[in-house]
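Here is the structure we will look at, set down as structure tokens.
Going by the order they are written in, the chains are A, B, C and D; count residues from 1 in each one.
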């Protein structure tokens, strides 16, 4: 194997070089910019994590698993998993093998970084070695792998349903250019390498193809144009990459270490959020997942469109999309790259300025009787009074010394205000509640509303106080033998409230409780995949009519279980579901209260 | 100005020809359901902030419709959303409150 | 020979009863004091809740009662009982011996000028609901000239002891909302204010009209009874009321003020009532034998009621009563 | 405005006013505020129209101010009223005419109350007998003195030297008529023309050549409001109501205001000064105020009495522009000369309102 062209250069590499240079500069600039957008602490945290061997190793593993092998996608949809990983990993291997070839055969050219890409153009095969044949075989093999992925991608583009996807994101023009460029890279590479296979050598794909072509194309005049074409589409792809969804390829490599460093989104348009926005591959998995898309509505308000509009800077749409979301967290749960749709939206809401700013600091603290266990029912439970009454009754039956701190009304927990993006106002409420809870001397705070529960867990500072959702607390009481459940002959399906399930990761305790008090069935989509009831306070702008469709879709999912009744653990879910449900909707507390004596 | 020990007092009359409906008209665009309030008072009755401040969404909407300044009325709203839950006319009062909070200059 | 049935009053109640009686094989006689049939409904443009043209209803009824014996422009001078028949003398000299008499004498629209403070008949731009319907029907009204603001005063002469009527006229709230919408459609630039005490929108689709008026037509509803109306320098009207929800006095200038005149008993039947010894209820309307079961029967055998002569009613209610009354009369004659 | 519509209402509110033999009682405060007005009433009725008008110095207040200030109970007022009626009865009269609107309202209210509750009348008769050994007949006719001037308005017009018209243009002058609240608002049928569109003053204005101005707040109180004025803490409310009226009549540019109540002309006149001092605003032309007259003063002017003999120099708002417009002659130098032609000193001048 020797250099065929003494200068080691042909003008056709220029398009590739331009594209490559552009994309490298763009990314380098972007990385520096994003690192500057991080707060001083976050930046420190990030750099430390990079040199920490544990996180460094995790970073490498995650990059391989997520970016190249798409492990998560494999688990969710093997066909899509194969499609993505064949292209990503295959291409990666082609690049890697190209470098190995250069190092092995023309090591002096390793400084020309177009060499590994166009290796077959620049070399002439003089002697056949096993090593060369193996590499050539591998090159053809991975090219075939990539091509198979491309074929699948083309099929998916035409019939997405074959891949189990009902709806995909509509690609923009620039994405289409990137897409067609990407699709044509590999067939053109095959063509180019085929035409030069009799000079530079080839394997099982390029060799026979070369022979066939040579039967009726007797000269070498056409191989230069195909190498030009190959280089040009590469150049085009690189040039549109920063402006297309393919930006997710480099961005995800930054996102993974940032996530592993434990960074949080602090601004919807900067730092981590920016990296997440660029990491969105526009795959559209979030569209089918989004409860708002029930009845084919609000599709353009899913996270994939949020990232797109943020990249475009369409402020009107960004605000609309951010305000509409229910913040149910399902898009985040299904997202392959880990875009935190709800958090970006909350932070986006926080950017907005208000001229009326609430302040609760001057509210006199409500007297709370001293007790070991405090119970906080929250605002919404006032509209579903059975919850509070049942929780209190069950606790009394178990002999718990409990004080219902907001029996006659109290302050809101602050989460509705927080999710509206009004952090200062929310924290003003939080501090007021903290003051009251700590003054009571309680060591346990039982919370029945999942919205409040998440707020108490995430945003409150209550040293010495254990915050616990009542389902967990009841479960413990049952285990400790302080509550005795009898089983009714009803069959319940448990609806996971978003804030309790995806929000706080509590899936098992409610099911265990219901299972001990009645028969329990599961619906098609449950746990992390459960469908929001549509009543969420997360959405600021969804109208009642729009919510109706969402609720009905949520109920349809619950009906798949064929259960007699629906159990849930959230006042808002109960009020919302029972509005349209054809079967009773009960809170777990009420079910437990009925089945204990 | 001569001091007589008493002064002309400001009229309490709502003069619909003179009141400034700028804010209300703005809100009619962002939150058109504000127009359908029938002043039933459910929102005020259920309001979490009411015991602390006398907050009443019914009064807020009415005051907006009459061109009155509502800024002092919203200072204790907690955005808890109960008013939205109970509204028989399905007015998104929560969004309305945020719109009000933002539309004053 | 068939027994004579006399229907006094040729409004929709009398016409519909005649239609049904004809269908049951009778040949009723309608006596109507004005020169044409149709009563109040004939002076209306469109009827809620489906915005049916009133003329359609009248035309259909007129066509279907062509077999009836109709005296228009004729008053009943006297009505006396003679054994089991009633002897009715008409002012055209005709005397009829009737086995059954149906009073479908309807109501009177309250004379809005009695509410002096609203200035009907004093201020050019104060009109009544009936005047407005005439405008909608296409009649010229110099009082209404592209108004920028229009007020509707609910309960004019209804729920008003001072005006001698404590009853709710039942249809005016809905009529006001309907007319407010029609007015806004006719003059899209106009601000519309409805001054009400209570909104009594009880019937099928009425609430939809209310929501539409608020949401789609931007009608302003002000809970407060108008206390007085004055004329401004440029000839507009200054309307004063208490905004009871705000707890503040309120004033606004309008270019047209529509008074929703209520329904009051028809005073022209008082002679007949005395002669036939019929009972009058506390509200001045004719008194049914029983307000639940025998609402169509008077205290005298053979004398029946239909429609607004016994109290305020909507058009569909009146028509339903008329149909029922026809059947009552039919059964009465069959048994008798 | 549909004039026929108003006429129809006026025709519904007519009251019978006997042509002669009246027992006249004066107002507590008018002689201080507008000293020539009651004098002019007796002058016109007795000397010009040759009517029998009887007066006695023994009559007292009717108790109206104290009653409306919530300082005495109704029973006390009724007993005072009963004593007035006793004086009338003793003098042999049956027709009672008070000069004060609140008195007129007070008498009407008392008579109506007795009509509804005869036992109350019996008790009052007993009270009166116990307290001063007097007995009384209820008047056969009760009228306010403005009712009488209204009744004789056309005779006055015939005898008059001037008419309420602009001498330059011949146009009728624009006159706001303001009726005291207690005239007909309590009992619309006791007043000429009723409560909504009273005719008593409008009739005089029309007969004497002027044109009545109808403005949105014409029904509104002058602002006096008894307690509202008498308690100083409420006085801002009093002047605010007057302000409301003037704001409402301003676009009509009235030439004058005619009133028939003791308080109204006083407050409409003096509060114009207070408003001008507090806001700088004046309502007449060229920085003047709108002159406010009693109906007797206007009648006196129409009949050609000297303005200074009518006491017009005691008005806060200058009357000269109004006199000039009609063409009534007056001696500017005589404005502040007393009966003995000696100087009675000049008042201080307001800051904003022009007063010569």
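Keep in mind that, in the parts below, a contact is a pair of C-beta atoms (placed from the backbone, for glycine too) under 8 Å apart; a residue touches a chain by one contact, two chains touch by 3 or more.
Every value quoted in this text rests on a predicted model; they were computed, and no experiment measured them.
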Maximum centroid distance from chain A, chain identifier (CA atoms): D
Rounded Å distance, chain C centre to chain D centre (Cα mean): 46
Computed distance of Cα centres, chain C from chain A, in Å: 66
Distance from the mean Cα position of chain B to that of chain A, given in whole angstrom: 40
Junction residues of chain B - those touching two or more other chains: 33
Of all residues in chain D, the ones touching two or more other chains: none
Multi-partner residues of chain C (each touching 2 or more other chains): none
Complete list of chain pairs which touch one another: A-B, B-C, B-D, C-D
Footprint of chain B on chain D - complex, ascending: 232-233, 235-237, 239-240, 243-244, 274-275, 277-279, 351
Contacting residues of chain B [partner chain C, same complex]: 12-17, 28, 32-33, 35-39, 58-59, 62-63, 65-66, 68, 89
List of chain C residues in touch with chain B within their complex: 193, 199, 210-211, 214-215, 218, 220-221, 223, 243, 245-246, 248-253
Partner chain D, residues of chain C touching it in the complex: 113, 116-117, 119-124, 228, 230-234, 238
Complex interface listing, chain B residues touching chain A: 33, 46, 48-49, 51-52, 71, 74-82, 85-86, 90, 92, 94-95, 98, 100-105
